[in-house]
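Following are the structures in question.
Both complexes shown next keep chain A, but they swap its partner, so chain B is in the first and chain C is in the second.
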Partner chain A sequence: MINLPKKPPPSLMVFAGIPTAVLFSYYCFFKVGFNLTDFKENLENRYLVTDPLFNPKWSWAIENASEALVETIQIAILASVVGCFVALPLSFYASQTTNQNKISYFLYKSFLNLVRTIPDLFWAMMFTVAVGLGPFAGVLALVMFSLAIMGKLLSETIDSIDPGPLEAAKSSGASHNQSVFTSALPQVLPNFTAYFLYIFELCIRASVILGLVGAGGVGRIIETQRIFLRFDRISPIIVLILLVVILIEQFSVWLRRRIL
Partner chain B sequence: MIKFENVGVVYPGGVKALDNINLEINEGDFVIIVGLSGAGKSTLLRSINNLVKPTDGDVFVDGKNVTNASKKELKQIRSDIGMIFQTFNLVNRSNVLKNVLTGRLSQVSTIRSITGLWPKEDKQIAFESLERVEILEKAYVRGSNLSGGQQQRVGIARALAQKPTVMLADEPVASLDPVTSRVVMSYLKKINQELGITTIVNLHFLDLAKEFGTRLIGLREGNLVYDGSVDDVSDADFENIYGRSIKSSDLIGEDD
Partner chain C sequence: MPKQPVQQRILKYAITALIVIGSIWSASGLEITLEKILKAPEQIAILVGAMFPLDLSSEAIERILPKVAESLFIAWAGTVIGAVFSFPVSFLAANNVAANYISETTKQILNGIRAFPELILAFVFLPITGLGALTGTLAIGIHSIGTLGKLSSEVIEGIDEGPLEAIKSSGGSKINELLFGVVPQVMPTITSYWLYRFEINLRASAVLGVVGAGGVGAELINQLRFRDFPRAGTVLVATVVLVLTVDTISAAIRRRIIKGRSIKV
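Let's look at the complex of A and B:
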């Protein structure tokens, strides 16, 4: 029989952490006024929403919303392409592996952080003021949205690449831009493609929401119908959006497998 | 000619990697630098092309001061110095030809290198370099699909594509098996003899150093403790360089 090492006792984190987490959750429930009685009472009025929701007006939706849905997809395509390709060079400046200048690294990183902190809905509201209501404002808002996500993901991927090939290019007398382009870029291209597809999916979903503030696409129709509580018209639109999202997701999964 | 004048390197954090090195390396020499890891071999090599900047003293390559060179001069000096690495440092996702063309970057405009519109002559030089290490048939194979020995030969071809006058090799065989190690070392030796390229190799296998080198430099804790012909070196010298007796792990061993 070998002498097994003694199993260490559960740490203080477990002893103190679990009760704290339970208490904290209970406190949160209490604070936000979560109670099942309200829920039960309100359920009696559910027919206002559920009846129309489960009686979708398909013909109306297809006739009136399909054009806007196509617009939503167009906004997403344009915005993710432009946003991601603008983010590509910026990411190399926002990584310490490819930008040794501490000041400019900090500036680029801060810029990306700033863009990311501002919610996409807020970008949309600003751009509807700047360029007027319509899909163009939506495109601009989602360009910022894509740029922020791509900048974050890609610059962190660049942080973790193998610096060896960069050193090799540098040692041969190559300029900084040349080294980055020939030695760093090929290392992150597969990631870039994967991130791009992911961001495109996010943009499809986000562009639906943007319509609510007047930035074009199918969200505009949802917003008008919601005001009149026409859930019988909204529910088929949501199903259509779901279909589009599933189709695009399948496509990007297929494409990702082919590329990577 | 490469000349070290009172060169010292202290890394941020206070680690003294090199201490007052004075050294001259003549054109066409095949020099092997030995020493334990941490003795300053890599630092010495990298101070020649200024990948590491000396904190004291100056390094001269062909009469040009590397340590004080401007950005533009430094690129010019570096373009004449080829370097190969322990971990090969190939871009695994790019094919062999693209990797070798990296060696031509300093001679080609940024626009051309980015768009891939390489001048015919540069492509020709890349192919010739691959031919010299007998791996031309792999020109369109991805770097990641090659064996370690093949990757290192591509590494040599990339350095050769610079048409260098000096070749630096930082532990070129440390990631390879004994047989492949000798193959790679013979290519370096052949290139040194046929093209007259001054070659400086860091090694930690003493038998390999004796087998291929002509001049041997020993480093211990950042100090130059041996400098002489390989033929004159004794076991006592090696023990002085290593600061301990020689173990079997210091030898790469015979092929079997």
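Let's look at the complex of A and C:
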């Protein structure tokens, strides 16, 4: 018999964590009203949705939704461009490699974290109240959305750049801003472009639902038809959105391969 | 200095032009004028000013806290649905465990599920399961099956095949291979993905209330509609506090799972 090393006993985390997780799950399902018999009963109503859902009214959708769909794409383009370019300088302030001032580093980092905590639709709701209903509120909401993601991704990339060129620039007499501009920026530009494309995709997906709170785009049409249970009009819109999303994803995959 | 290759320079100019033209086209199409932009900061400041001081009366708290908690329950229950169903599916989707045609089909199905945002799923379910938390849970659960299935299958595809061969050569069955070769290798990463998904689902479940699928979103939209800004501010701050707390705890647990415990030998 080989003398095997003794297997370590499961840690406290496993002992305490798994039962807690199971109990909490049970409590959550109870709280959200999960009940299999009711659920089966409910499923009998499914024809209310599935019948119209699988009988799409294509001509109606193309006639009435294409304009709003273009608006959705415009919101996503503008918001991702503005958001990402605003995030570009902020990220340098939110990284310790390029910002030695501990206080301002902390402030910028916390600002980005705070913006990231608020969900996109909450931003949209607040901006519709602040600047009025319409696509402008949607653009502002997605600017905050893309700003937060780009800020996080890019500042973490800046954290891990090679500090050598920065020092070289400084030792040859460059000011702080000059050294960041000539030595740190070129190192992260390829990442910036890749993140930008990724965020643009996220924005396209997110901009679809902005209309639910009146912040412009195709969601507005989905919302009005949803209230009247016109799923026959919604399903072609959903398919159209999926097509646009897939096309844009393919394009950005192609572009990313070219750049990186 | 050496010049950049011509092709690369052309691509660079083309992308810049595309971004500029795209932005101008979008801004003019959306009728965003300079006037609107200049007015926005002031309008936003007015709204934020109206939210503070927050409405911390006991009536408001009693109304808002259960809604915030409901978002938490929806997110957790949805994540559990996603985790339970995506776990077996991810084995079918991994091409080093399942046959090629099975993994391809499963992957396509997962892609299809992932394509629908939670909100779209939620309002398709609404007429079936009714207004309330259950609808939100199902929407989040189904969307999570798609995302978790994809992530988990990629973890399985990245495993070390050595232990599998060792089990096979000592006479283990296919089930033994999965149970003792694959599961121990992937479990830490997959569990941490579950927690990560929970963090994302919490944000999603906060939003779902907008269509009436339970959670704090309905509260925010109602308070904003009734122009009760201090109360809307309370809802917002409560959501932010919850999300930040959950993020911090969950990130700490994830770090611990991935790093493992230090074991004295």
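One rule holds for everything that comes next: the second predicted complex is superposed on the first by the 224 of 260 C-alpha atoms of A that agree within 3 Å, B and C clash if a C-alpha of one lies under 4 Å from a C-alpha of the other, contacts with A are read in each partner's own complex, and residues count from 1 in each chain.
Here is the rule we use: a residue touches a chain if its C-beta (ideal position, glycine included) is under 8 Å from a C-beta of that chain, and two chains touch if they have at least 3 such contacts.
Please read all numbers here as calculations on a predicted model, not as lab measurements.
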| item | value |
| --- | --- |
| Partner chain in contact with A:77 - chain B first, chain C second, else both or neither | second |
| Touching partner for A:89 - first (chain B), second (chain C), both, neither | neither |
| Chain B versus chain C as contact partner of A:170, first or second or both or neither | first |
| Dominant toucher of chain A (residue count), chain B or chain C | C |
| First (chain B), second (chain C), both or neither touched by A:216 | second |
| First (chain B), second (chain C), both or neither touched by A:125 | second |
| First (chain B), second (chain C), both or neither touched by A:189 | first |
| Residues of chain A at both interfaces, chain B in one complex, chain C in the other | none |
| Chain A - residues contacting chain B, complex | 162, 164-165, 167-175, 177-179, 181-183, 186-187, 189-190 |
| Of all residues in chain B, those that touch chain A in their complex | 49, 51, 74-83, 85, 87-94, 98, 101-103, 105-106, 110, 113-114, 155, 158-159, 162, 168 |
| Chain A residues within the chain C interface of the complex | 5, 8, 11, 13, 17, 24-25, 27-29, 31-34, 39, 42-43, 45-46, 48-49, 53, 70-71, 73-75, 77-78, 81-82, 113-114, 117-122, 125-127, 129-131, 135-136, 139-140, 193, 205, 208-209, 212-213, 216, 222, 226, 229, 231, 238, 242, 245, 255, 258-259 |
| Touching residues (chain side chain C, partner chain A) in the complex | 11, 15, 19, 22-23, 25-27, 29-32, 36, 39-40, 43-44, 46-47, 70, 72-74, 76-77, 80, 115-117, 119-120, 123-125, 127-130, 132-134, 136-137, 203-204, 206-207, 210-211, 214, 217, 220-221, 224, 236, 239-240, 243-244, 247, 253, 256, 261, 263, 265 |
